[in-house]
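When the chains are written out, they are named A, B and C in that same order, and each has its own residue count from 1.
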Amino acid sequence: MTKSLYGAKEASGIWIYLEQSQGQLEGVSLELVGKARELADGRGIPIVGVLLGDQVGDLAQEAIAAGADEVRVADDPLLRQYTTDGYARVVTEIILEGKPDILLLGATPDGRDLAGRIAVRLRTGLTADCTDLKLEEKSGLLIGEVWGFGGGVIAYIKCPDNRPQMATVRAGVFAVPKPDAARKGKVVNVPVKLSEKDIKVQVLEHVVGGGVDITRAEVLVAAGRGCQGDFTLVNELASLLDGEVGWSRVPVDEGWVSRDGMIGQTGYTTRPKLAIVCGISGAFQFTVGVEKAETIVAINIDAEAPIFEAADYCIVDDMFNVLPPLIEAVKKARGGNGGR
Amino acid sequence: MSQSVDTILLQDETWERVDKATGGAAAPCFQCGVCTAICPLGLVKGETISIRKMVRQAQLGLPGWADGLWECTTCLWCESRCPHEVDITRAILGLRQLAWKEREVPEGLPTLLWDVYFDGNTWGRPPSERPLWTKDVTVKEFSSDDEILLYVGDDAAYDRRIQKVGRALVSVLEAAGVTFGTLGEHEPSCGDAVRSVGHGEYAAEIIDANARLFQEAGVKTAVTVSPHSYDMFANRYPNLSGDFRPLHYSQYLLELIEGERLKFENELPLKVTYHDPCYLSRRNGICDEPRQVLQSIPGLELVEMERSREDTLCCGGGGGRMWMETAAGERFSDLRVPEAAETGAEVVVTCCPYCLSCLEDSLNVIGKGKLRVMELAEVAHLALQSGAVASDAASGRS
Amino acid sequence: MRPLQIIACVKVVPKPEEVKVDTKTMTIERGEVRSEINPPDMNVLEMALTLKEQHGGKVTVIAMGPPLFEPYMRLALAMGADEAYLLSDRAFAAADTLATSYALAQGIRKIGDYDLILCGEESSDGATAQVPPGIAEWLETSQITYAEDLEVLSDSKMVKAKRELAGGYEVIQVPLPCTVSVKIGANEPRFMDMERKVWAEADGPVTVWAASDIDVEAEMIGLPGSPTIVDGLAQAESTERKREFLEGTPEEQAKVLVERLRPYL
């Protein structure tokens, strides 16, 4: 068996990689702190955050307010942006120093990029893209719930011997904890032993918000004839959800929009996690373009519209009545925390 | 763009490939230009396909030679008028095959072929969903002592609108007491889509496999929902045995009527016009059968559009155009719907899934008062239902 | 310009809709199910072949899996790949990402020459997305995950790509050799060439390597080499659409919907 660099006997604590981008913590990192707190309570397990960046010390308190007991901060200009080589090196050092029992990361693109790399470096097991976490009653082992085979099968995975027990977790499966500003914790600054030549990755461009085309969007809000050419609310909902906007063929025919975002048989095939389809009747020529979505919501004024046959959640109403409260509800649910 | 003489001279190899790809189909052309003049693309685009120009460009290996190639709906109008009987669509499909080799194909078409390859249908849906079109009706698996195999086809199997046509046809067949079955999950794609986007080589493989499948299943008479499947089985499956009899369902319904197994006894007061699918009329000369089925329905009045029978206007969905976007205003069906409306008919009847999709779509866009689009099978089903004596089997389905 | 040596890692996966859990034995029934090349791996092949067209060189396919993978290796050859290696041995079975990435890395080492190792962003069955960074670590290459628009700057031995971020993207440049995970849908995979298919099926160079053919340590592959274990399996609710109609005023509907959509918010 491949041995990890340290064993279960030496290991303790649940550690969370606190992902930040441009001075903001990812929502999923706080969700993980909250969940870890819940798992740890009653077992006396310490919760430790690992935070890398350039002048990000302030964020440590946010993690403490969310439930962390301690945050180890590696602050260095060379860590201003995420790079696989730089971050993997520093995180590995911190892990080997602290020897956590469990290490959790958000299943974001950067989180997965890092997790896959350091799991091999540490020679340990990694449960990827978990949708739930628990600790086994007797052993205290971490059990990750994952969905495989396009969501058809649920598997429960654990890592009995190697340490840390690593997992990446999907954003949004746990709630962001209510911050407790009075909570006290320890902030430890770790020395960063990194020189410029350790970082081979050059970041040439870095854009957050937009730039994803609809075939790759994770969240898609689509509108058809029912929107009457008014995409304002649709755009607003999409940007709230970090998603993209698409449409059926009618808006193209009507000249409201271009063909870029047209979904369907002669448009684009999309495979979002979530598609919200508004004012589209659901002709098969359209539906084939969204059918690979994990979850489909349909909003249509006509209860007989075929789109409802292809939807998970159906709302029979005028989209202009439904979208404003929906936008409000989403805002509320996502809370005050910044983007993801 | 300017091409140097050198590059043009260097294209000998290309020329050979073009000639080979088109099977010499363009050779008898004497450049009279009739085809270019008559192509209905001229009605919507101002510019028509010029097969002469295309072959020439391909010969020269000029960039963009494959552009116009994909507009053709294989409606066959040009061919029907060509004084020298040039096999124009063969030339076009041959050039498309060449375009596949050169990887000059429109976006989306490779995906279409992969869908057929991995899923066995043009919609990229699981074969296990194929039999679901019947909804709450049970249609059994075909056995060799059935009178006919019902070949459903990808559209009637998966497209929710066309599924209704399939179900209507089932109730008509049941009302006539026909014993039939389908190949269920194992029904293959007929190969029309693959052939018409020009991948003759892959189509040949499909045709081979399907012919074997039909043979093994003991199929004698195969009745298809789509004229495109019919055309494939009737004209492009060289290996089917002599006693294999493909029929489009309009032909079969007429047989049932003539054999007095299918009777329309009740009045269906409906004024209809009939849109001939090119793949039935121009390609296979089937113009009378669907009309006769309609005329056997008491009370139904059939009026004709100006362009009808062998002169029908293509819906725009053939030749793989169902998988390529046609901009609004360039759709043949946008012209066809007003033509149908002008006749004063309440319903434009057709019997091809592509025609139905395109006409209905155009109707939605332009909106023509009370005009509706129906399939022949749906009209037949309606006629059976319209009286009190509608048989049990036919009731409550559409 | 130097020709590129490209390794394309390909996996064959069961069609998701076909997969069932045998709740008695707690195993996944994979018997008769239809399979396909993992969809992002089709994007890998397309990217590899395009890069080969641009730079010259060679596309070598590698996969780890049972013998049923072999026809799919030939499919990759029919699309244009030059040769294929299949790591197939009972000893490789039941590997998790650590053991999988190790075995693939050792297979790639044996192939020898590589500038780019292309993998799919994740497999539709396991969906871990952790194999590509794992390979990169074992082979100590640079890595770009969730990449598209790959551009090889062969003179400076660098590769540049657009890479997905949470709600955005970045463009990064790293030195070769590099392991890349290709974003699903990054391109449209070309259809195979039928003449090549005939060749691939009859004479296509597909080499099957057993564990003993490559330099691997027995305890680091397959089940023994996998630190994670499956503790239980369950069949998720059917993939059919739920078709739940939400009731009430728009405000009430919005509230219920947001609860239902929690994981996506």
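The criterion applied here is as follows: a residue touches a chain if its C-beta (ideal position, glycine included) is under 8 Å from a C-beta of that chain, and two chains touch if they have at least 3 such contacts.
Owing to the predicted nature of the structure, the values given are computational and were not obtained by experimental measurement.
Chain contacts here are complete: no pair of chains fails to touch. Comparing each chain's Cα centroid with the centroid of every protein Cα atom identifies chain C as the most central. Between subunit B and subunit C, the centres computed from C-alpha atoms are 38 Å apart. We define each chain's centre as the mean of its Cα atoms; on that basis subunit A and subunit C are separated by 21 Å. Separation between the centroids of subunit A and subunit B, computed from CA atoms only, is 46 Å.
Across the assembly, subunit A contributes 309 as residues in contact with two or more other chains. Touching of two or more other chains is recorded for residues 17 of subunit C. Residues of subunit B in contact with at least two other chains: 108, 111. Considering their complex, residues 14, 16-17, 19-21, 28, 96-99, 101-102, 124-134, 136-138, 142-143, 145-146, 160, 163-175, 183-185, 219-220, 224-236, 239, 241-246, 250-251, 253-255, 257-258, 260-265 of subunit C touch subunit A.
Listed in rising order, the residues of subunit C touching subunit B in the complex are 15, 17-18, 34, 36, 42, 188-191, 193-195.
Taken in their complex, subunit B has these residues touching subunit C: 100-101, 103, 107-108, 110-111, 113-114, 117-118, 126-129, 199, 201-202, 205. Against subunit B, the residues of subunit A that register as touching in their complex are 250, 252-253, 259, 262, 265-267, 269, 282-285, 287-288, 291, 306, 309.
Against subunit C, in their complex, subunit A makes its touches with residues 1-2, 4, 21, 26, 83-85, 108-110, 112-121, 123-129, 131, 143, 146-162, 170-173, 200-212, 215-216, 218-219, 241-242, 271, 273-274, 295-297, 308-317, 321-322, 324-326, 328-330, 332-334, 339-340.
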